[in-house]
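One structure follows; several queries about it will come next.
As written, the chains take the letters A, B, C and D, and residue 1 is the first residue of each chain.
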Amino acid sequence: MNKTYLLAPGPTPVPEKVNLEMAAPMIHHRTPQFSKIFGEAAEDAKYLFQTKQDVMILASTGTGGMEACITNLFSPGDKVLVINGGKFGERWGKISQTYGLEPVWINVEWGQAVKVADVKAELDKNPDIRGVLVQASETSTTVSHPIEEISKLTRQRDDLLLVVDGITAVGVYPLPMDEWGIDAVITGSQKALQLPPGLALVSLSEKAWKQAEKAKCPHFYFDLAKERKNLADKTTAYTPAVSLVIGLREVLKNIKEEGLENVHKRHNRLARATRAAVKALGMQPVAPDSPADSATGMFIPEGVDGGKLVKSLRDEFGVTLAGGQDKWKGKVVRIAHLGYVDTFDTVVAIAALEMALNKFGANVQMGKGVAAAQEILLEAYCK
Amino acid sequence: MNKTYLLAPGPTPVPEKVNLEMAAPMIHHRTPQFSKIFGEAAEDAKYLFQTKQDVMILASTGTGGMEACITNLFSPGDKVLVINGGKFGERWGKISQTYGLEPVWINVEWGQAVKVADVKAELDKNPDIRGVLVQASETSTTVSHPIEEISKLTRQRDDLLLVVDGITAVGVYPLPMDEWGIDAVITGSQKALQLPPGLALVSLSEKAWKQAEKAKCPHFYFDLAKERKNLADKTTAYTPAVSLVIGLREVLKNIKEEGLENVHKRHNRLARATRAAVKALGMQPVAPDSPADSATGMFIPEGVDGGKLVKSLRDEFGVTLAGGQDKWKGKVVRIAHLGYVDTFDTVVAIAALEMALNKFGANVQMGKGVAAAQEILLEAYCK
Amino acid sequence: MNKTYLLAPGPTPVPEKVNLEMAAPMIHHRTPQFSKIFGEAAEDAKYLFQTKQDVMILASTGTGGMEACITNLFSPGDKVLVINGGKFGERWGKISQTYGLEPVWINVEWGQAVKVADVKAELDKNPDIRGVLVQASETSTTVSHPIEEISKLTRQRDDLLLVVDGITAVGVYPLPMDEWGIDAVITGSQKALQLPPGLALVSLSEKAWKQAEKAKCPHFYFDLAKERKNLADKTTAYTPAVSLVIGLREVLKNIKEEGLENVHKRHNRLARATRAAVKALGMQPVAPDSPADSATGMFIPEGVDGGKLVKSLRDEFGVTLAGGQDKWKGKVVRIAHLGYVDTFDTVVAIAALEMALNKFGANVQMGKGVAAAQEILLEAYCK
Amino acid sequence: MNKTYLLAPGPTPVPEKVNLEMAAPMIHHRTPQFSKIFGEAAEDAKYLFQTKQDVMILASTGTGGMEACITNLFSPGDKVLVINGGKFGERWGKISQTYGLEPVWINVEWGQAVKVADVKAELDKNPDIRGVLVQASETSTTVSHPIEEISKLTRQRDDLLLVVDGITAVGVYPLPMDEWGIDAVITGSQKALQLPPGLALVSLSEKAWKQAEKAKCPHFYFDLAKERKNLADKTTAYTPAVSLVIGLREVLKNIKEEGLENVHKRHNRLARATRAAVKALGMQPVAPDSPADSATGMFIPEGVDGGKLVKSLRDEFGVTLAGGQDKWKGKVVRIAHLGYVDTFDTVVAIAALEMALNKFGANVQMGKGVAAAQEILLEAYCK
């Protein structure tokens, strides 16, 4: 028997009914029938993004959405501040360079959040910076960057955009785009949105749309203004990923029904429970000071081969967690809290981790992490 | 969000891929295409029943299979020995009476297995008894009756049949029909077979087929001889439940691939783990002496309303366990190990039970049951 | 490539969305969640049956429903009038004999409906007849028997029940149980109900319920009074076929939405179109005088091997029609209009038949049957 | 009732079993399990493309694949020859301009194929042209351009690439990339590949890979060299569209099983049958001289409003065909032969068109088009 549990930070489990919804006979995308679905999805996406702005739905994965923000908002030669605190921060820099922007890098130690003072200093030093590029949640390090504080620096200026990769943050914890004045937010379908990969969602502020008019980086497939124009007619510039959009409407309905605040609380509860388990098991969290609620990373005890541990968890225990990336390869394991994940997924992840650590000879008392997690998870059932 | 876990002793979870297999476009049942499927299912069912005899596949739930055994094997006026140790034992008696048989009852205290000596005594006292009707696993009390021992009494006699309701035993623990000389075995699709309800499977020994020729109870829809004749042509007497038969082929393939011995070991491991958790939590098992590996029942601690507990587990925690039936209503909770259920389902059931007991004020230390279970469950991963 | 079309008189195609609905994760049957579904299905089934009486939902195929009517309504020795105009009429007689009833046979020539005068004559001759057993639509001959006229004979008498096998009539053409005073109506899931086989639905009149109280034929699994009692609590006596009941609720919703009258009109339109095609192609209908709207049978032209024709249609053309049964084997082909079938299924069946007849050398002008059908089918789109 | 038929040139129907395959529980993309699937899909894609080169699988729709070819193969200032014979030819020009290329336009009358002599003349006149950008099948006009002949002009030169949009040609009719020496071929998932939209597939010749090394157009998300490098490890540069890749493997298996030659023959047969029907109905084809086998366009008879006709076909008859685009809006209807489409889909499309034309008062004899089509379609069943 081969039962599996998916607790990696994307792709995340897809609700069975959403999978079945997407398995219905194909429909044509230039029909009132699809327009209705697309229009509802786009509308509910605003709720998710906590914005009144349009949310564009692109047939690509998240990186395409990041590229769209660069090419639609900036011009070659533009200076941008890149918060590089992990693999995805680094990606902001690489895309910028590809399109001829001039990144100013703030390199942050892995496991740490960027210091707002550092951002301020660089912005002060480089008044010609046109954009701050940052992750809300840096998935590779399970760190949450201080977006609200950074937004206080950016929203005062007309010529400076705050561009936030919210791929593992939107639908996980509060990132109120309009309230904080974020200028661009991106997410992908395979994270908190509980869908297969294949959609990127992007929303821009008024300020961003204005700057977009002057942006000179070339772009055709990822043309946000063209998509926005089509969106007004409940359609897309090019063929949309029909089945995924059908799924999107469905999960957004579910999220609305659960209530965004409750969705955030759920992710937070699972994250706190997992952190408590990590502590109870005497393990070291990788992001002790500013952990994101999207995933919890921890260092694997000395003497245990992290690669083998994660492989055994996946192939023998059936529990897919994420290992460490790049410099943390083989040293770190990450448990995701993203998407269609709840109390007992978290219990399973912790129980499996305890058992696998035992199997690999680590001095870990089984049940102790689970017990610590249960204390917090019980909150959901005792109102 | 509403994630659910089904750990009641039937229906049990259906593997996602089997559900999808059954969702394929309908096919006609009088075609080579369906005959191939039906023939393979019937063939693999022999492996499951540990027999060389035909296994008939009926479009009904398990009770229909029980009735089929009564009406195809006996005649009005026949004396039968009914082992009544719970709700399903009682059903044997009721069906017998309906068809004019004369049941001799052995009433067994709930939670106890029948004593072989008692069976022997009744058989000795009533040499005209033509059948022993018994459950391998009495689902209502989570008790396992001593079928092997009883079979030693019955297989010596030509005019005495051992008719075993194996509905929650076949595919759970060894019930080798041919080796033990059991004369009739029944199971249903919604238990260890991991399917929706709607199929009953029945197999008869040579001795049973011989007695069937003389049986005079009326039957038309449940006509085992007619089904056997059709089975030789890979078809059924009446329209089969096509989609469920398609699923049946699939799950039987999975069971063969896992290996029946491993399937039995898995159920046993989950049962032992749960019993260890019950003990660790200081709870009382309902079947302390002869527990079945199909489900583990325990008394709910004083002061906790069992009905409310099971309801909260189901509606708030999303974990469907079974309460007690009839006289045990409100006093007992049962965790099933049946079917598409493995390590982490068991962890979830125990963790949920711990949390719910806590919520209802029981003095239970969370994580303790889980830890006890983990010790045993770990066996599967340390060869 | 292997596209298939199913136009046999059961099983019929299942709507894709209903198949997906039934593929959702299994739920337990003793829960408010299932009770809601079951209650809604049972309620909407009354609309389908055109009755205020309860409709019992049994986990069996249609023959089980027929048996239930015999064993729940009659006693050994009871005289019943069997209208034997085909394979299913004959089945009424066989079940009756099995349970010790005394059938009085009216043997009707295949392809003809029973003459009401003949029924009246037998009833007059045998005033002790307690039931008239008849098909509304005799599937094997595609004949419709005159139920309304027969009901005028039966409903005047308190001690005479009209028991109608509506397996291929309910949901096909009007069979208003209450209005006509029919005492028992049976249908199955795999016909007009557009589901996989595995459910039988049965409804009884007040008169029938009264007679049921005195009926002495043994029955346990098919216990209509027990089912009715459970139905009041939105549950079943024994485990229901959960997935099929979920599908049942769905298709009944669809039927209500389409409107029963429109459902009847649709079946009638498809039947008339097919009959027009048969005529245009110069073929002989098997039921020229009283054809049922459930399926249209026709004799295969001289010189064409009917078995090979039907096999080629199924295995080469991908179009599953039904051949003839028993004495009509190899001589007849039947096109069904049942269930999830509409205009273009009918066009496909006729076009395929034309092509296959051509392939087998029959002198048939392709397109001629289609054209005749189109004339009638167009009605649906020109209001 | 609402049965629907999808015969537009994309998206096309998805086989039911492929839809169900894609509905299986989500799996992680950085696992041996997914790598196996991805590797098999990429390998079988070579068979489809008739090439030994790698086929890159991108998470985007077809236009993204077109952009990828422009940005990965060319540099700003490069001169390219754009064959503009319809909406998609025009798109080649627009993408080129976006990225600073200098298109030389050959404008072809709608409904006509480009003249090879014209291509030759322009290439001779502009020896600095670095690429010929063309559609194999121009979907908007249902025209097939003479790719083989054009390839004879391009393959002699080392500095000239033939870039073919094969979106509605690959898997429809022969486009042997290696044999003809085509330098870039693109297709999308929602056409002959029978999948939902969301994947673009691209393959490059050795010559193209060489030119790619020098190409200076910026690109990040669509980085073919990076994808090729990852492909060697059976993975992708960024998160792949997991569910669609699972579907891709499945349909490619089906195509291999059917045999590419048979797939081509099937499309050709359906196209010829439809053209014969158009002729029999006295309608004018839009591409009389060089029709593509992907779809057949025809002018709508005078006096019939094409917009209303197509809408009625879709919303009343349930048959989705495509209307005309841009200048042909309201004047043209297109029947697709693409993908999971066979004999009786074609019969349905023609029968529905005949009926709808009748409804709208056109002087069309029903059945005549069907009959003409049947003559040709019958070929498949008479070997």
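Please note the rule applied: a contact is a pair of C-beta atoms (placed from the backbone, for glycine too) under 8 Å apart; a residue touches a chain by one contact, two chains touch by 3 or more.
Per UniProt, the chains are A, B, C, D = Serine-glyoxylate transaminase.
Please read these numbers as outputs of a predicted model, since none were measured by experiment.
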| item | value |
| --- | --- |
| Most distant chain from chain C, judged by the mean position of its C-alpha atoms | A |
| B-C against A-B, pair bridged by the larger set of C-beta contacts | B-C |
| Inter-centroid spacing, chain C versus chain A (mean Cα positions, whole Å) | 55 |
| Approximate Å spacing (C-alpha centroids) for the pair chain B, chain C | 34 |
| Rounded Å distance between chain A and chain B, as computed from the means of their C-alpha atoms | 46 |
| Junction residues of chain A, two or more chains touched | 16, 20, 23-25 |
| Of all residues in chain A, those that touch chain B in their complex | 1, 3, 5, 16, 20, 23, 254, 258, 263, 266, 312, 316-319, 340, 342-345, 347-348, 351-352, 354-356, 358-359, 365-368, 370-372, 374-375, 377-378, 381-382 |
| Contact footprint of chain D on chain A as seen in their complex | 4, 6, 8, 10-14, 16, 19-20, 22-29, 31, 59-64, 67, 94-95, 98-100, 188, 190, 196-198, 217-222, 238-244, 314, 320 |
| Complex contacts: residues of chain D adjacent to chain B | 16-17, 20-21, 23-25 |
